[in-house]
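Several structures are given next for inspection.
In what comes next, subunit A is part of two complexes: it sits with subunit B in the first one and with subunit C in the second one.
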Partner chain A sequence: MTTPEKGKGLAGVAGEPFAVELRGVTKRFGDVVAVDSLDLTVDENRFFALLGPSGCGKTTTLRMIGGFDEPTEGTIRLHGEDVTGRKPYARPVNTVFQSYALFPHLSIFENVAFGLRRQKVGDADVKRRVGETLELVQLTGMERRRPGQLSGGQQQRIALARALINHPKVLLLDEPLGALDLKLRKEMQIELKRIQNEVGITFIHVTHDQEEAMTMADSIAVMNAGHIERLGTPHEIYEDPQSSFVASFLGSSNLVEAAVVDLARGELAIGTRRVHVIPERVPAGAAQVKIGVRPEKLGVHSPGETTAVNTLMGTIADVSFIGVSTQYLVDTELGTSMAAVQQNTGGRRFSPGEQITLAWAPEHTFVVR
Partner chain B sequence: MTTVAPAMRRRGRLAEGVRRHMITFYAVLALAYLMLPVAIVILFSFNDKNGKFNFVWSGFTLKYWKQAFEVPGLLEAFLRSLRIAVFSSFVATILGTLIALALIRYRYRGRAATNIFIFLPMATPEVVMGSSLLALFLTFKIQTGLTTIVIAHILFIISFVVVTVKARLAGFDRHLEEAAMDLYADEWTTFRKVTLPMIMPGVFAAFLLGFALSFDDFIITNFNSGQVVTFPLYIWGAARVGVPPQVNVFATGLFVIAVGLMGLSIWAQRRRS
Partner chain C sequence: MTDGTATRSAAAASAERRRRRVPYLLLLPGGLWLAFFYILPMLQLAGTSLKSGSFAGGYRFSWEFSNYGAGFSDFSAQFLRSIAYAGLATLITFVIAYPLAYFIAFRGGRYKNLLLVLVIMPFLFPFLLRTLAWKIILADDGFVVDTLKAIGLVSHNGRLLATGTAVVAGIAYNFLPFMTLPLYVSLEKIEPAMVEAAHDLYANPRTAFRKVTFPLSMPGVVAGTLLTLIPAAGDYVNAQLLGTPQQSMIGNVIQSRFLLVLDYPVAAALSFTLMLAILAMIIPYIRFTGTEDLVA
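For the complex of A and B:
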């Protein structure tokens, strides 16, 4: 194990150094700032997702951890050890590339064994470990084939095996499922999660697919324009996105302008209505904010038939029935329209033109600036 | 009316047939155009010639194949050209491959200029290049001979190597090298284990091209050869007094080897993919 005092890294849970620690990391390409003074720590044994739209700096961040790009400023530590400026081959991390980057001129066996060969592992050990790793990714028996003879999904697993066989301290995955079709992607999401549980290595997964990140990751960092907008568990981020960017990037939401009336009690005004939110969610010192409610959190009721804390009157503008749920588009009393989704569990269904009341709970309301 | 119609229909069918087989027809014609001279060379290596010149067919013989090595100076010239070609294209392939790597991989001052200078030897007429090289050697008082031939050959082969290898590198996935580095291969190991094997077909093709260019170069060699006689120079000299059929024998042998090598290269590439 590395000695924390040597790299002087900050300690994570229980005194152990963080698996990955970025301090003030900035990357400029000419005039373009790809990553802007980023601070990020990832605990041991985490499935960590870097989520964001293309060009947000997530891949650059990953490449700097891997050593393929050097930060313009800042330091990168792996398990407390400062690796800034080190070449990729001198870092205890391995990478699964988006294009897989399997060596087309080598057999599957030699592809998977590549890292071990470079570390001068003996033939018998190489053979045993390649066998074990291929078993882990469920591709036993493919040893003698060439990458070109495998399907996309199989190549993906080989790319994973080739990285995992080296028992890296951190595994970096750059949109590893991007090239797969939807069905295979779903399968691989579960598969990746299983493998991460089994090997207990920190995974850092870059993706632009919010559903993928939510399905797999323990923690997610949502990135935008070179910095982290929000960091937390999938649940925390979804329920309390804290910024309109995160709110709209993860799922859909109804955002409404609101004025802060009573900060301590979490009371806000939208138009002439008073609504209540969890007080801690209101940013200190803000007078004008936006409140947001997810469509599935909005209840649709006949007027007067609800005792919910927060309500709005409206008229049904559009109804679409999609089997498991019904989606309503509602013209509210504020002059804006809101989307509401109701599970089809036997409740009353409404038709366009009907007067209704939208109702929701304070804990289902988030506040963004 | 009634008599004209069937004739027209027949002519229509004929035109249709010609149209349908046009591509095949042209292909055969083009191939014949390319292969006919080669076929003649091979055929006349078996000609039992009358008199000095080997231009008129006068009967089949294996005589010249049996006496292939008995013409004074021919074998020596042939082997000399072979050695020059192997050495020049080997050196040019190494240098050209490195230049191609630099041109594709790095953005540096003088990169555009390098591109132009690489292109120049291909665009310059051989007579101009041969004579200017001779002028250069004379200015620097370098004795023309084997060394100057090799220098000249390396010079013009490099351009073709760079162009060939560059084409191969253009489609190269940089992530492959990053993956190798990620898997504990340092720069040199990455080059040896990944980059070079991947571009090898291009490098090999460049070597073959260089070999062919060097082996049959006449104009530039003629300016810079001094007293040294290469195979093309030998044939040129011999042609004035009557080319011995052994030249055809050597040419046939070379053709067979070249076709064999090409076949081998294609087979290797097919197996790879």
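For the complex of A and C:
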């Protein structure tokens, strides 16, 4: 994933055109701006997630790539080719719909073959490719059933097969796992990832489930209110979310007001304490920022028993033991509460009322405006 | 303790028995209604169709199957005309109602309910009055005939009233809501994502309609055509008010046999023949259209 400047070239890595390229794409429904002047490029052969809360514009973005909605402004290119204004049936993309939208009056075979039939592929080829695709989604032998006779998970795989059989340049997935129960959803996450690896097609996956996005995607664009808040690998955006929206949307975090003391050395002040962060993470020109630390990155120690760079004093307010880990709620010296999660690997357990020191490393600290 | 458990399980068993009776109790009113107002009259009619004798001398049950043969051979013209008129009217109704229902279902937006009320509106006026109004509309000196004459669709001394055209048009008009409503219901049920999926899979609008929208609306097509065809085949009001004896349908014959000629056995035999003819037409139709797959 790359984030070229506005107006910069149309090529991704190695001079190849991007699989998907959106330039200044805006979608207005009446007075409502669903997508606001969006620039987005997705490289070839990526598993790309559009992540965000409902109403953030992620589904509208997907629908504009698929051709179901036309952008009010801007252009959409697929593999360098401008497809803005082209109807869905004239675009080399296929979609897995949230409701699957399998055709109830057709057999599984004819559902999967639907796209090939429209492209006038010969019977022998259709038969072979349907067989291969059903094998890919592990549903061989279901050809003669009707969609209504399949379980939710099977219908999901058929929806995927029906789209993939056409070898689209880009596969669009609109909350495809939303209707499945948790266990099946976990299975399908791994399955989707495997299939994407196998077919090597760019997947653009819309979801509001941060864990799902992190599990599957190579790159994630976190969307909010019609624009992209943060774009990067799951690791990048989790460790350095850069905005409080992204920080709170992906996992939980402790956010504290801080004043910039020394930009070059990454030194900030929280209350009377000095803390250090990676200097590049401090936005230039900001005097007042917030720093964030993920609960699992906060160490809980007896006072004086840590040599960590960043520390805060506090009192244990609440302890909850949840098997793999223990969660502490700590009243800090700043007067705020912080959450800390410790793996249960034999370390000392603390009780409510105990004085402790919270400690964390500069690289585990992120800064948001 | 043991006694308490036994009492409780006995109570549970009787509650279970009551629960199992509930569906039958719910069926009872409808069942009684059908038994008294449908099955009994049918049996009586079947009995009547096999009687012989005369109105003056009284009719006696005598397994008189010849009523059927006589009825059919005497009135085969009216039978064929009924089927032709009803079939034609059903076709016309379908051609008008499908686009109408499609429009209301997919483009009606917030006017959907208003448009549906407009479709049903004619029902607020009695059937007979509506048909009489058509008699005036189609009259020889009416504006419809004048207009059609002006554009040459009706010859100079031609007319509409008292022709087969008028009867078919009247039937088509009177049964339009019966066609429109089931079509609307089945079209409205189609998820927009179904059509989007078809477009996504390279079907242009025409193919998407042919391969997805229309097949998914089949339950409505079948229900609508049956709701129109069946009563239209037995209708006599349109033929009587808008046609002449040359346009009389089997409904007119049955009506006059029952009420004017008082030849009950032949009238009953004609009724049964009509019913069997309709069944013979619609059973293969339902089989062929395969709607049971869509209902499942």
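Here are some notes:
Everything below uses one rule, namely that the second predicted complex is superposed on the first by the 360 of 369 C-alpha atoms of A that agree within 3 Å, B and C clash if a C-alpha of one lies under 4 Å from a C-alpha of the other, contacts with A are read in each partner's own complex, and residues count from 1 in each chain.
Rule of thumb we're sticking to: contacts are C-beta pairs under 8 Å (C-beta built on N, C-alpha and C of every residue); 3 or more make two chains touch, one makes a residue touch a chain.
Just so we're clear, the structure is a prediction, and the values are computed from it rather than from any experiment.
When both complexes are superposed on subunit A, subunit B and subunit C occupy overlapping space and clash. Of the two partner chains placed by superposition, A:F109 touches none, neither subunit B nor subunit C.
In the superposition on chain A, contact of A:K87 is made with both subunit B and subunit C. On subunit A, the surface touched by subunit B in one complex and the surface touched by subunit C in the other have residues 66-68, 87-89, 93-95, 97-99, 101-105, 114-115, 118-119, 148, 162-163, 166 in common. For subunit B in complex with subunit A, the touching residues are 173, 175-176, 178-186, 189, 193-194, 197-198, 272-273.
Across the complex, subunit A meets subunit C through its residues 66-68, 87-89, 93-95, 97-99, 101-105, 114-115, 118-119, 146, 148, 162-163, 166. Subunit A makes touch with subunit B in their complex at residues 66-68, 87-89, 93-95, 97-99, 101-105, 114-115, 118-119, 148, 162-163, 166.
Interface residues of subunit C, counted against subunit A in their complex, comprise 191, 193-194, 196-204, 207-208, 211-212, 215-216, 218, 293-294, 296.
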